[in-house]
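Got some structures for you, see below.
Shared chain: chain A. Partners: chain B in the first complex, chain C in the second.
Up next, the complex of A and B:
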């Protein structure tokens, strides 16, 4: 009898983990393995693995200029987004680092893009950037067809994404600035440092602990952008905004090439994994935010 | 600077009154400088803030514009004859109420579900000892490395073969737990001494009761942060609902609203009116929950 109770107690411990673990198993571990499996097969239109082809899907990716284009475009996109969203977040945080009347309204505004969905944001930008009635063209007195011009399309999607992602960066940087001791600024003032010097010599180094963390989080997030591309450009014009996630989507659901899409998913996973490992490394080193 | 230097260098040449006067003058000067600095700061903030909010403000403005007014080459930032017609029209053109209800149901269930599953798991990881604890925890943390987009095809094929496409279950189920939530709660739970748990147990308090009566009330800020963050993300979900919903009856707002997109050129004002309406819930929750979000995100995590 006692043994049974003991056993029950032991089992009870795992009960608390079951809900999470079951969901992780069905929707994360299993599809993860299945994706790798699919990437080694040719599939039919229903996505059933039909013919084992080994690494052929990867090989054909590596010989496909479209894949390199997609990787390159994604890199460009990520670079613009990360720089833009971090700069916007930092600007807001610096402007709100000292108390002044109305600070709460302003800090809420800077964080607000967090609450805007990528799809809603994309629809807003679609109108703003409209070649005939868009407000951007009217304000700048130009007539540029922003999202249909291969020169500008990627930048437009990137600026939109930078705006959407800037909200959370504002929160990160605000928290980071809050951790910097105010007295070093006072001492610098006494020594005659101007605002620019203070920013580069005190603020930026003071933010370095969270800077790297924010950077990695931003890169990972930018890699996963989808809704913006789907609504604003559909990967075009040409393939100039065919980001990797959109390329996966297109391969799987328009071309029904699930094997190739799975192979691209594995590539995306490898990139994100590498970045996450870097982040954990840095966190372990004792970065506090 | 130089005035201070001379004052220090030759203190005796000043009488007490003169010193007092000098003090006042310096104070006034410092005050004026502060005033100017503050005004400059507020002005800068106003400019940057207007720039950041411009897309949203412009959207609101266009939502109130009669569609004829938008189609001019003239500058038209503010509607001359504001109208509510776009909002009314948007309700007629697409089943917006249905979409909003769907989104509330889905995002609400996901939020509630995540709080339950994550706090249960975090409890086990921080208060209980069992075989394979570390391995399991590492496994949970490892899921953070797998981007949802990388597994989305397999997930789609799985739910398709289970015949779950276009149901509420398929929208909710995959998001019912998250590694980030487990991690966040665990960070908070780890700040409680294990003796709290042990003494509760001695008093005959079961594990579940301990979680509900003691842990949850003590970690309200973490739960608040989780709730705000999860709800907004679930409300804004796009790729998964796009793939798995097919009928109006199950569509969420983000997918539903894109139906207004590219219907015809006349519907631009309509579309933005729709966008305004679906942004309001997430923005309201964000504004209300912002404090909780910041507190939960940055206080618990630091102590861990």
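Up next, the complex of A and C:
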């Protein structure tokens, strides 16, 4: 009898995990496994696996220059977005770390991009960048067709994404700055340090633990950008903004090549995972305390 | 060399209430000045105004003949030790100590030499590679002091540097700070709420209360001639005994009569002043615990007279070591005496003590000022 009760108690522990495991399974584990499965098949237009082809999807992917272009464009995009959004967030957080009248208005506006959906952000940018009525051209006295020019299209999408992602970075960095003891700044003042020295010797190292976390999140987030590309450029002009996620979308839902799209998803997954693992390895060296 | 002058310095956060009011002080070179007072009295605020971390609302701050109200903290050439040490958590002890020199772009080998010198002086050489998180309180404290003494600033400012240490370490660091002051030959401005620290370290003590300076004087004078009842009660442990008394004249001598049949004859300067202006008035008598003596001590000091004798009921005997504190009551008043621990004392019984009236302090009950500290003109006006 006792043993039965004990067993029931053990089972009870697992019972509590069931709801979250069910949700994870439906929305995460099943699609993930299904993707790997699909990447090994040729599919019909409904996305049903029809013909086992082994690694053929991967092979044709690796011999396709369009795929390499996608990869390269994505890397460029991620680099601009991560640097841009972290710099924006950090700048906002540092500016708002001092108390002054109206501080709430400023911190709200710096955090606001977080609440803007990527597609609405893209709509706003579309108007701002419009070649005839857009404010950017008016202010700069130029007539550049920003989103239709292969030279600028990627930068436009990247800047938009950087701004969209900067809101959450602002929050992370604000929290990080709040964790730095004020008295070390006071000591530095008395010691004779100026604002620049304080920033580089105290603020940046003080942010290093949160900086690492933010970096990882930002890289992953940047790799997964989709909405802004869909609205602003649809991967064009040419293939200049054909980010890997957009390319997956195109392959799957325009070309109905679900197998190839699944293979690209797996490659994207491997890249992001590899990057994350490398960064966790390097963490110990970058974070100072 | 440094000469710091504060002229009518005030600090107000809301333009109505003053955290520091009319603070005037001249600090000559090599002085060890202590700001002491209960918490919230404005002592730290004053120090932070000198450091440049708080704005001065009104008044002037002069450092070496230069008006410094609007000089930035980094340009004042002072160094400060904070209560929580404020060590840079991302730097090693070595980097912490070298920081103020490095940002001044001093040559590396010179910085290295100075760091090792200071570390040796404070006994923290073996800690140079550690980060602050791996240090104990006492070690952090040493590093903070070490960082402060790397330069030769115009003055060291210390904001309760010992208050986070345990009692034993505090006593030890107190001695080391005194030594350090002698070796460095620089001005130190030191904030504390601990009157023992104030008495042992200071060459000059500023007692503050509610933002106002109560008395600025040497430790001896503060102890022996407190300017008012607050200073008398704040400085000294256990604190001074206060009794409400009536001033009487009998057979040509002045007496103070207190509750419980206590009659004490006033001696010294006090007698003259009381006779002139206060006969028949209520006054507050202040007696330090060591000035209430048992018979043996009193006879050694030759003060065993009937006219300074008082009887009290012993409530409690607190054994300290070489001496014992007697907590007693004389009816309405609770008083404490400090007697040698071998003195025969029966608890819950009456005891006869002798007051050293030469050292008694007498305060006006309304102004709470020491009657001897009143300006002469005032006294004369009172007599007239």
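The rule is simple: the second predicted complex is superposed on the first by the 258 of 289 C-alpha atoms of A that agree within 3 Å, B and C clash if a C-alpha of one lies under 4 Å from a C-alpha of the other, contacts with A are read in each partner's own complex, and residues count from 1 in each chain.
Just so it is clear, contacts are C-beta pairs under 8 Å (C-beta built on N, C-alpha and C of every residue); 3 or more make two chains touch, one makes a residue touch a chain.
Not measured: the values here are computed from a predicted model.
Participant: Have a look at chain B and chain C on chain A after the superposition and call it: clash or fit.
Facilitator: Superposition result for chain B and chain C: clash.
Participant: For A:235, is the partner it touches chain B (first), chain C (second), both, or none of the two (neither)?
Facilitator: It touches nothing on chain B or chain C.
Participant: Which partner does A:134 contact after superposing on A: first (chain B), second (chain C), both, neither?
Facilitator: After superposition on chain A, A:134 lies in contact with neither partner.
Participant: Of the two partners chain B and chain C, which one touches more residues belonging to chain A?
Facilitator: Per-residue touch count on chain A favours B.
Participant: Thinking of the overlay built on chain A, is A:84 touched by chain B (first), by chain C (second), by both, or by neither?
Facilitator: A:84 sits against neither chain B nor chain C.
Participant: Return first, second, both or neither, reflecting whether A:187 touches chain B, chain C, both chains, or no partner chain.
Facilitator: In the superposed model, A:187 contacts chain C only, not chain B.
Participant: Could you tell me if A:272 is touching chain B, chain C, both of them or neither one (first, second, both, neither)?
Facilitator: In the superposition, A:272 touches chain B alone.
Participant: Once the structures are lined up on chain A, find the stretch of chain B hitting chain C; candidates are 22-30, 94-102 or 202-210.
Facilitator: Residues of chain B that clash with chain C lie in 22-30.
Participant: Touching chain B and also chain C: which chain A residues?
Facilitator: In the superposed arrangement, which is not itself an observed complex, chain A uses residues 192, 288-289 for both chain B and chain C.
Participant: Touching chain B in the complex: which residues of chain A?
Facilitator: Result: residues 10, 12-14, 16-17, 19-21, 23-24, 26-32, 34-35, 38, 46-47, 88, 91-92, 95-96, 98, 100-102, 106, 108-121, 123-128, 130, 133, 135, 138, 163, 166, 171, 175, 192, 220, 223-224, 226-227, 230-231, 245, 248-249, 252-253, 258, 261-262, 265-266, 268-269, 272-273, 276-277, 280, 288-289 of chain A touch chain B.
Participant: Quick check: in the complex, which residue numbers of chain B touch chain A?
Facilitator: Interface residues on the chain B side: 1, 38, 41-42, 44-45, 48-49, 52-53, 55-56, 58-59, 62, 70-73, 75, 77, 116-118, 120-121, 123-124, 128, 130, 136, 139-141, 143-158, 160, 173-174, 176-177, 182, 207, 232, 235-236, 238-239, 242-243, 254-255, 257-258, 261, 268, 271-272, 275, 278-279, 282-283, 285-287, 290, 293-294, 297-298, 301-302.
Participant: Quick check: in the complex, which residue numbers of chain C touch chain A?
Facilitator: Within the complex, chain C contacts chain A at residues 51-53, 72-80, 82, 84, 86-91, 99-100, 103-104, 131, 133, 147, 157.
Participant: Note which residues of chain A are touching chain C in the complex, please.
Facilitator: Interface residues on chain A, with respect to chain C: 181, 183-184, 186-194, 197, 201-202, 205-206, 208, 288-289.
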